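In the two complexes that follow, chain A is the common piece, with chain B as its partner first and chain C second.
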Partner chain A sequence: MAKHRGRGIASINYPIGMNLGGDPSQALVHSNPSGKFTVSLSSIDLGQGMKSVTRQICAETLGVPVEDVYVDTADSDTGPHCMGSFASRGTHRVGNAVMAAAKEARGVMMEAAAEELEVNAADLDTDGRGNIHVKGAPHRSISTKDVAIAAQFKQGRTISGRGIFLVPLSEVNPETGEMSPATCYAHACLVAEVEVDDETGEVAMVRMDSAYELGRALNPRLVEQQLVGGAWMGVSHALFETPEPYYPDPAHGPRDFVEYLMPGPGDICPHDIAVLERPAADGPFGAKGPGEMCANPVLPAVANAIFNAVGVRMDELPITPEKVLRAIKAQGGARPQARR
Partner chain B sequence: MLELRKDIFADERDDNLKEIGKGTQRQDMLGHVTGTSTYFDDHKLQGMLHLKVLRSPHAHARLRRVDTMEAERSPGVRRIIRGADVPVNLNTLLSLINFGKDDEPSLAVDKVRYKGEPIVAIVADSPREAYEAIAKVRVDYEPLPAVFDVEEALKPGAPVVNDVYPKNTFVYHDVYDHQKLRFGDVERGFAEADHVLEQRYQMSPIEHAPTETNGSIAAPDTNGRYVVYTSTQALFFSLDTCAKILDVPSNTFHFIGGTVGGGFGGKVDTLTEPLAILGAMLTGRPVRYQLGREEEMQFGSPRGAERIYIKDGVMRDGRIVARKIRAYFDSGAYTRLSSYAVVKCVAHLPGPYTIPNVHGDVYCVFTNRTPATAMRGFGVTAMDFALECQMDKLAHLVGMDPMEFRILNAYRDGDMKAHRREAKNTALIECVQVAAEKAKWPLREEVKRMSSRKDGGGSRAAISPTPLEPALQRAAVSQQRTTYDRAPAAAAVQPPPSAPTPPAPPPRPPASSPSHGATRFSSVFGTRRR
Partner chain C sequence: MTKTPLQFRHNGRDVAVFVDGGVNLLVALRELIGDMTPKFGCGQGGCGACSVLIDGELHLSCLTLAETVNGRAVETLDGLKDGPNLHPLQRAFMEQFAAQCGYCTPGMLMAAKALLDRNPSPTRAEVIETISGNICRCTGYEPIINAVLAAASGGRARA
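Right after this comes the complex of A and B.
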């Protein structure tokens, strides 16, 4: 009886946005008379950081500091239509809508600034710190606050913009399945190392190494939060979770977190992550979306690592100690494969 | 620990941006860490009532009689809601985009089709009084044979789960019980292959396990409107679903979401909002309906189970030449979103690899269990598990390193994908190379030099001759209208109902008349190429 270590890998891709498209999102951006901007969305921040990512997109596009932008979400009276926060569509779809709205608002802001500075709007640029200046002549500048005051009280302009992003709906061929499912894809590869106890069938995570390609990491800390959390959801799916432990027999379903098991702090292992950025042609600043795909490679990587450790193929999820132990017994004991 | 590999694909990016790429602290951080972010359940309203539902103890049964006489007299009970009280009791979520037929009642009327299906809703002064009244509802059930296995459900003579789909499968393109993928000739591929490997994979259902269970609070607002605080992941999706079920114009509702205590796909189904609003309409009081933990875990819709069969043909040098897949999505008793996931799964085949012959048949099957729904990686997670376990087995079979095996078969820019679109912006090879580097997994130099941007296209862009089965003729187009097309002009001039009596359900449009909406939204029913 012994503990055996093994490594397994998996590589995947993942489509961004609702399959076939046809899932619009809108955004509104406007400035108050002090040059502070509000983004109005009906979209939902689930904790993944939608507010923060759209805030950065808006600030970058307007050319103002991120502190000057506030994102208001989740109100059907003030926020325009959004299909919803699912299908890894938030960053890509909502981000593009915010970008379009911010571009329109920036256009008005630059026109208002041009009128105040008595120059052509095309000759102006933003410094990202709250000022608009003549290109090549930074001393000829005006603050976005003064522009907003002038626009509101002197010029009678609304510094505001509307944006929508829609990937047109694709048809599906009934006979061949020909279709346009998505405009861009995220990618990942993950190596899982596990330790399998051939006496109890228990599988412990030893470490994970991964590479995720997601267009552009708009906010690397939010990306890290997604990837780390998502990978643990993957481990949990691989080794622990189901509300029907004897599926398709529906009996013995868990009713609470005492009966429905998930990994705890003691199960955590190091996870070393690399992020690659190959910008998507139609992503906001090239971004795709890390949301869903980060969990997916973990499940097969863990199953493949178990094979490498003890020589059994686990083709049914979740890979519980009972299943591992039965499989080891069926093949007459652990058969560690070539160490790699 | 996260490392940004800025050296890779650097020529495709402008990294000199001011806000993008910075790890700026999240806008809502302060509220989250100080516990002041508001959730839907923080809106405790004066005079708020509580709604709970009676759930079926049977997986499949006819409802002979439902007697609520004693429950009505139970202390604290304000209103009992039956299926007949719901203006449009039958709905399917994706009718919003005109996909599928209405097949799921808000409250069961004649039959229950899964254990836990709601039958009667009771609005009472407290949750306890609601539960006590529920215990006094007398239901005369006639248990019916149930089916729990997806392949059993497809056999002749299997119990019919959902009368709207009598063959126990969702219907694609009006005629097929599955979505097909045909690309090249797999049988020829198998004949040429050095090895053929066929395997079966199974994923059980998985619970979203959010910290905050599904719930909402609905309250009468001024001017005949209703404000709804909700944990939904999709505000307008839920709002428009409620407008359809309650048969009122969408601007009757002011939906307010916000902080969500965990979604993962489990808060799209609009499980609580329609009944909470109906409760508020019928009592004139704020009504709260939140699932308990057991309800959330057993009856609140999980990630659906999938059964997958993969047959691959592979050459001794590691090239995969044919891949045939048959998969069954267990939708449970009603469609919800599984029908959509099937098409997404078909689009995902054969994984991120260039394989000249691919054949896929994916089914959305009805069984007598809790309806499944979306979850992180919807339509793809289980298939990726199956595909990547299979890839490991194939590599083992031909004696190749599993990393190099994936790089060899990886799709590259310019390759043709099985859904007949050119691969662009690919990066699988680079991900495998970087992961190998991180894990100190040795790769040969020539494998390290391979690139997603090199050696794609050409013969890899070709579509091999594809034998097709005779196409079944479609009957007359029979989709319903989309919810967005539902007579908006007429509805807009009517004031929202101020009296607590819900309006009678409108006459349904004749099933055979193709509508404006069907033309506009018939996404999966045509062959037009984008």
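Right after this comes the complex of A and C.
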């Protein structure tokens, strides 16, 4: 009886967004008389950073400090429509909608500023610090706050913008089955090293090395955070989590956190990540999005690593100790494969 | 049902409430005291989101009968910061991006505080052991472990 090390690799393409009858998201941007901006969305931030990234996109497009933008995702009943936070679509779809809305709002803001400075709007630029000035003459400037006040109380103008981004439904060609389910794809490759105990069937993660290509990383720390956490979730899917019973009777299935297994802090392993940025032509500032792809390459890489370690080909998830042990027994013992 | 008078120190302040028999500390804190920082995750001691300190010791408030803290000192995340100044652990969690959805964070911070209070320079293995009763769904634990270690070494640097 022994522990066997094995290494496995997997590469994936991941489509950004979905294609079930078209994939739209809307955004509204408006300024308050204080010169601060509010982005209204129905898109949900469940910790992945939707608010941070849409805030950055809005501020960059408007040409104002990021501190001057507030993102409101409070209520999907009253907010502009969004398909939702899934399919790695948030940064791409919602980001594009926010960009469109912010562009329109910026146009009105420049018109209002032009009226105050008595110049042509086309001659104006933002400094990114809360001021609008005449190009080439930075001393002829007005703060976005004063523009917002003038628009509200003097000009009677709403500094606001509407945005929608729609990836239309792609019909399937009945002859060839061909379609374009997504406008851009993220890519990943991951090498997993595992240790398999041929006495207990337990699989321990030893290390992971990965490369993710996800367009421009708009917020590199949030991207890294998603990749680290998402890979953990991939390990969880590969080796632990199942709503299915461990034994044939569903009554033996997990009912709560005590029985629904997930890896704990002692089960994680070193993970070295390389982020590659190939901006997407139709992404906001070139972004695609990490999203679900964080977890996906882990599962096949772990399955391949187990094959490399003990020679059993696992084709059902999660790869629990019981399944590994049964497979090892069925082939008459562990058969370590050649290390590459 | 008869209500029992209950007095204890909550983050350094005396509080007095009447509780129904069998009410757990988590419910008492959230519904009677109004301290929403301990979170309800599983209600059966499986996730650690409700972790609090009782007389400096780490406890799961969902499994603690409220009546048992009579006369004792209960610390929650709400008492961690000093006025506007965040606790070194909170700062480290921010700087290390140790939260995504944030639901496990109060429990993680209280578990980490219990560790650093008795062991200001823990090893990585000791940090892992300490938070092993706390489930995090988002971060993969790595940033949390790093944050606790960073707060510990920050504390050492000041000492």
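Miscellaneous remarks
One rule holds for everything that comes next: the second predicted complex is superposed on the first by the 323 of 340 C-alpha atoms of A that agree within 3 Å, B and C clash if a C-alpha of one lies under 4 Å from a C-alpha of the other, contacts with A are read in each partner's own complex, and residues count from 1 in each chain.
By our rule, a residue touches a chain if its C-beta (ideal position, glycine included) is under 8 Å from a C-beta of that chain, and two chains touch if they have at least 3 such contacts.
Owing to the predicted nature of the structure, the values given are computational and were not obtained by experimental measurement.
When both complexes are overlaid on chain A, the residue A:Ala137 reaches neither chain B nor chain C.
In the superposition on chain A, A:Pro15 makes contact with chain B only, not with chain C. Once the two complexes are laid over each other on the shared chain, residue contacts for A:Gly47 go to chain B and to chain C alike.
With both structures placed on the common chain, the touch criterion links A:Gly253 to chain B but leaves chain C unconnected. In the superposed pair of complexes, A:Ala2 makes contact with neither chain B nor chain C.
Of the two partner chains placed by the overlay, chain B and chain C both lie in contact with A:Arg221.
When the shared chain is aligned, chain B and chain C each come close enough to touch A:Met262. When chain B and chain C are set side by side, the one touching more residues of chain A is B.
Shared contact residues of chain A, touching chain B in one structure and chain C in the other: 46-47, 49, 221-222, 224, 230, 233, 256-257, 262, 271. The part of chain A that touches chain C in the complex is made up of residues 46-49, 221-222, 224-226, 228-233, 256-258, 262, 264-266, 268, 271. Every residue of chain C that touches chain A in the complex is listed here, in rising order: 41-42, 44-47, 97, 99-102, 127-129, 131-132, 134-145.
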